[in-house]
């Protein structure tokens, strides 16, 4: 059973690396006609770690992001999602491997050139409280301006466009410090949009937000993909949400890519058991697979009844108690 | 990319109106500061040990024979021989006015230096005072006075080098895969106390009170006894530092968004941070070289200006260039006349103490008012 | 004013060489003057130019010396040049003295804002700055590449500045006479007591002493050198180092002298205005009784013998020095010069006086 | 429509205040036989605020917690959940109102007495890194010990019991600093258990945890209720989870109790629209209601189509796009 | 409540074994500290201006006529007259040994005071030094010496009052619906600098070098010249403070869990915090009163001890009571003999400088080693 699954994952990875085959792989592709303008983005044999620790967090993994699609990165705490994203955005130096953007190695680009191609929204953001929303969004134009340049008309247009796309028009002159957590997150997204890049990397844009704001952010992501052909990679904690909004999912465990494919392919009871260590019930619905967690798995589960995994979770005694209720 | 058409015109006018309002507050600040400087300067030239009526003093200030005398300005700014002039003019132009000018330069340097350090460390508490520059300068001064007595002529230079070294040490200690505000402040505090302890140790090796007095004067900061020498020494560096600060204000704005964001916007953060620190140390060193370690100006002026013009560094730097001198000149009036008003004696207090006595409580007030203050 | 014209090199003026200022030119004889140290003030008083004194500087000598001679000394002439941690240039302009007996190196050393330009400016615009910090060597040894004058060398310079070399000559004769007389009567070296001189800032209560070597440079210890005193604290170079009772016990001098002690009963006092007399009671409270109370202090030979004596005033010009030579001689060698009576000082029995008070007063008053 | 809903909520509140009626109100009660030993806990007319702001956060609300049951508190960010919990635990001074525990006003209890009756797990916890798990759990005995007392055998027994209940037996001698976030959370729960109180208040015990650890924590809560008759109030962000594990739910909005009742009663499309400002689809399942969020609602929605709310969300144009995929 | 049966016996033995090991490290620490104190003490009594062989000095230490002489102890501890004894014994027992004893008391007080402050503020950087106690004491000392010269006899008392006042001010400023570690440290730093600036101002009003020297000695911390007076002054307060610290170690353990947790465990946090602060200030004041402001001992000893015995305050306080004196006595040996070894001169360095020179770098090393250090 375990061996089978690993094989499955490996083959999934291969299909991703050979993009053509994936595209014909039964994967739906809503924007096939506009794909030509979307950016290709791929990392090969990546080794990424922190200077403070010897062991790299990501060890020789490859990832190929579908142009013009939304790719979701999922995995348990500390599995290396943020690390991978920082590596892809050249914020963490690669210990090994190459990252190609539209056929060019990103290390051959100057920092500002890269920032014109690739935008990153970090997990945590800070800004002075008294800065206005418009000024903050304006900083998104930094990579497009020289040392002495002032704002051009094109910069102004890009700022206006980003603000209206993020739906924060009415906040334009407010001070960032006076906004609620959810509104702040939207403003940061607007700043990244003003960067006008073809690739966007978003790290947990929905954490700390309540349901309302979470949904709002995910709608913007969809709009971007649909209207502007932007390639988006987004880290999400909520697998339900990831399955619903992403075209493609990548599951990380202990720094390794464990599975890779469409939400339907990735979100399986077996994967939830192996990666997230939970027994869960996965039902396909019209909005993608729907997950109902049942019980956490323990280390002993792996040792004692590894053969059971993913097959007869439904009949475990604990679970029976619960269905009794 | 297909953007939705937006109502360009209304947005632009709205934005411009708003910038105007903002610039209005900046202009008010600048004009107010100039008024304070002029008033403070005129008060300063009116008092001194030499008996002169206020009218005589002001006449001496506006004495056309000095103001329009190229040779006088050559003497002042280039160090040539001072031409003949009456005693009143000599005293006003040679003794009383230079003190005001030095105050202006020092105020400018400290305020801008503080503002830059605050951006570099993204820490509201940063100032040359807190990041070790001053303790480094103080230690070098004492070392020179006590151990290498012969080098006393290079004291200003040595002080600046000491300040720069201390900042580098603080930076190096705080550096651990990049710096963090809290680490910088902690390193600054500790380096400051260690250097302080070394300073006191040196006091013990100083075998006479002259050295001690001299060292205390340096480490407290004072404008007493400054003259055109000091103006000549500080002016060029101040000009360079102010220009660089103005040019790089946009970099500071982006730095305020945090290292991660700045990086992802394409900034080479560590380079920019280091270059900016260099400018700030230059400004701080220029002021230490002529007036010793004047505390708190570098800490509070940026806060005061920020309260008025907001945290946009374009405006903040300009505001500091005007408000710093205003505070400094005003504090120096306090230093000269404070004791006269309070105790009726004509003792002068070092200006560094006046700024400390004003700045400390103001800062504590800020801290009590703002919840966030403590949270950096 | 009489003009001996000894160093006049011009029809209208004259030059005097005083290190470190170098050769200073005077067009007229100075009418007003200021001095930093009490010794220089004493020189001016001795030359009879006391009425031109604008500042007494620091540590002017106790009044009783002048009272003994009946010469006037205006202690209110107290312009202070050192103020708020520096020398204020404007005070020089405002005081407008014809000559400043301040060591230019000392000014530069104490106040870093002063450089040669500033010294020259004041010397030109107001009056020459031409003192010599010759009280002691330890103040700024780094700067010392110029001669440190002895008391009478300095006195001679001052006399030249005021063009009163005749009075200088007369007083120098008196001084030489006294020294000759005294030195011929000194006991053999091995019979002289070992003197432990401690600075007046010492705090016996806190187990803190500043021992001084009697034989260090400078006019402040002139009397001890002149009288061949034997220094107990030879290894301490004129003060500055700290010591405790252990050190005192280790050295255990025969006599303890408190430097500056005669000026007041207690420690250094800047302006002993009331010092018409030496306050013996206060002196004993501060020094002897405190040491007697200390378990180690009372082991000291000088304490057991109650041999703790008020030492000479450090700022001594020619007048004060004459009195203090006599004082020190009586303290060190009472069998020879008569017992020092702390209760009655400055009264000394006429027959035991080492110089003629009236003669000195006459010289000062111009009756040479 | 709106008026109707408010009425509904009010009546829900009343049923809670009269406990008997609620119990017969179709609410399942798995441990009816042991209910006698569980603590009664109720707050009446509570006004709770922070000294730094004038307006109280909670303004004259009443809450009555079912003895021996799990009550879940839900609501958007900043709605006052933590504030209410702190007020109930006497950590924030009440501006007005009374809190009764087993018929006694908790203000008449000394702080230590209260701590023997009522345990609180805060949203954020800190501890020295080098303390051992056992020592940390031991601090739970603080309220049971006098100033000079050392650990008694009873204390030791309580500590062992709490450790085994939380399932951290194998971590007993580890240093707290070396544990993962999830394990740390379990240790803190053990500490609160060692307090041996009859009432437990848990503030978002599952935030920051991945699915596996979330499930583990919720299982402990169930065990406590079932085996030890403990009255539990738990704040949860995840409404799905709340609906699944709680016997009773309280929804907060802007500091007011908006709804109150069994999960089936509280989790409705109308409530999600009003409290969380989202359009969602709620399906009753055997594990309680299952929520599928559809889209965020905006302020304009309230003004323009408030009549639509909760009724024809399915037919909104945005939503139609999504179902097309 | 029905708990599952657990394997009681195995758990207990396991726990006991583990406690044993821990106590073992504590015992090692205590024995090591005692060894350092005895060695340091014997070195100290062997050197001094009075010529005495080491053998003579040690004989004097163990002189039975002194050790078993009730009258001698009465003299030492109650201030009666010292009985007759030979000069060697007199010097050793009256000058050399009291300095060691004062060092022991000071080290104890500072270490425990620092440990308490660290628990109260839950801040690794807290110490009397950082929370303003020392600057308050320093200011009061200068004020007394310069302005109220007559009160010099009450200096120790006044210093302590100043320290307590400064801590209260810091506490009051940091207090905003409870305190927070960061706010406390910030308030401490600012109050410290303002008081420092006032101190320097006072230096300017001091007109003679004796006062300046005296003030510097106080504010640097020194054991030179201490005798039985100081032992008598510090001993009772030290005893009280140590006892209270030992008794309340459990409260500190719970405080370390944070205000919220401590409250929910039934602790009256603000009361306990304040009471503990009182004990810490008492200990700090006792040490300032006899030795001035000795820096860094209060900061680093708790860290050193924590590294060895862990953060359990039961063990930490005991460890500090032994390790503090060890560091202090060792540093004092350095203060006395350091210059002799380095420069061949017999100048003594104030012990506060030695501790600063050791402590500062050690602390920076800690900061560089530990990632978390900066994050409080």
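Just so it is clear, A, B, C, D and E label the chains in written order, and each chain counts residues from 1 on its own.
Assume a residue touches a chain if its C-beta (ideal position, glycine included) is under 8 Å from a C-beta of that chain, and two chains touch if they have at least 3 such contacts.
For clarity, every value in this text was computed on a predicted model and none was experimentally measured.
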Co-neighbours of chain E and chain A - touch as defined: B, D
Top-ranked pair of chains - ranking by C-beta pairs in contact: B-E
Taking each chain's C-alpha mean as its centre, the one farthest from chain D: C
Length of the line joining the C-alpha centres of chain A and chain B, rounded to whole Å: 47
Approximate Å spacing (C-alpha centroids) for the pair chain C, chain D: 87
Inter-chain centre distance, chain A versus chain D - centres from mean C-alpha coordinates, in Å: 31
For chain A, residues contacting two or more additional chains: 52
Shared-contact residues (touching 2 or more other chains) in chain B: 176, 216, 347, 349-350, 371
Two or more partner chains touched - positions in chain C: 84-85
Interchain pairs in contact, sorted by label: A-B, A-D, B-C, B-E, C-E, D-E
Of chain E, residues touching chain D in the complex: 1-4, 6, 8, 11-12, 14-15, 18, 122, 176-177, 247, 250, 253-254, 256-258, 260-261, 263-268, 306, 310-312, 372
Residues of chain B that touch chain E when the two form their complex: 125, 129-130, 173-174, 176, 180, 182-183, 186-187, 189-191, 193-194, 196-198, 200-201, 203-205, 209, 212, 216, 219-220, 295-296, 347, 349-350, 352-353, 356-357, 360-361, 363-364, 367-368, 371, 373-376
Residue ranges of chain C in contact with chain B within the complex: 83-91, 93-94, 106, 109-115, 117-118, 121, 125, 138-140, 142-143, 240
Contact footprint of chain E on chain C as seen in their complex: 84-85, 201, 206-208, 241-247, 249-250, 267-268, 270, 295-296, 299
Of chain A, residues touching chain D in the complex: 28, 30, 76-78, 180-182, 208-216, 219, 237, 239, 272, 276-278, 280, 285-287, 290, 292-297, 322-323, 325
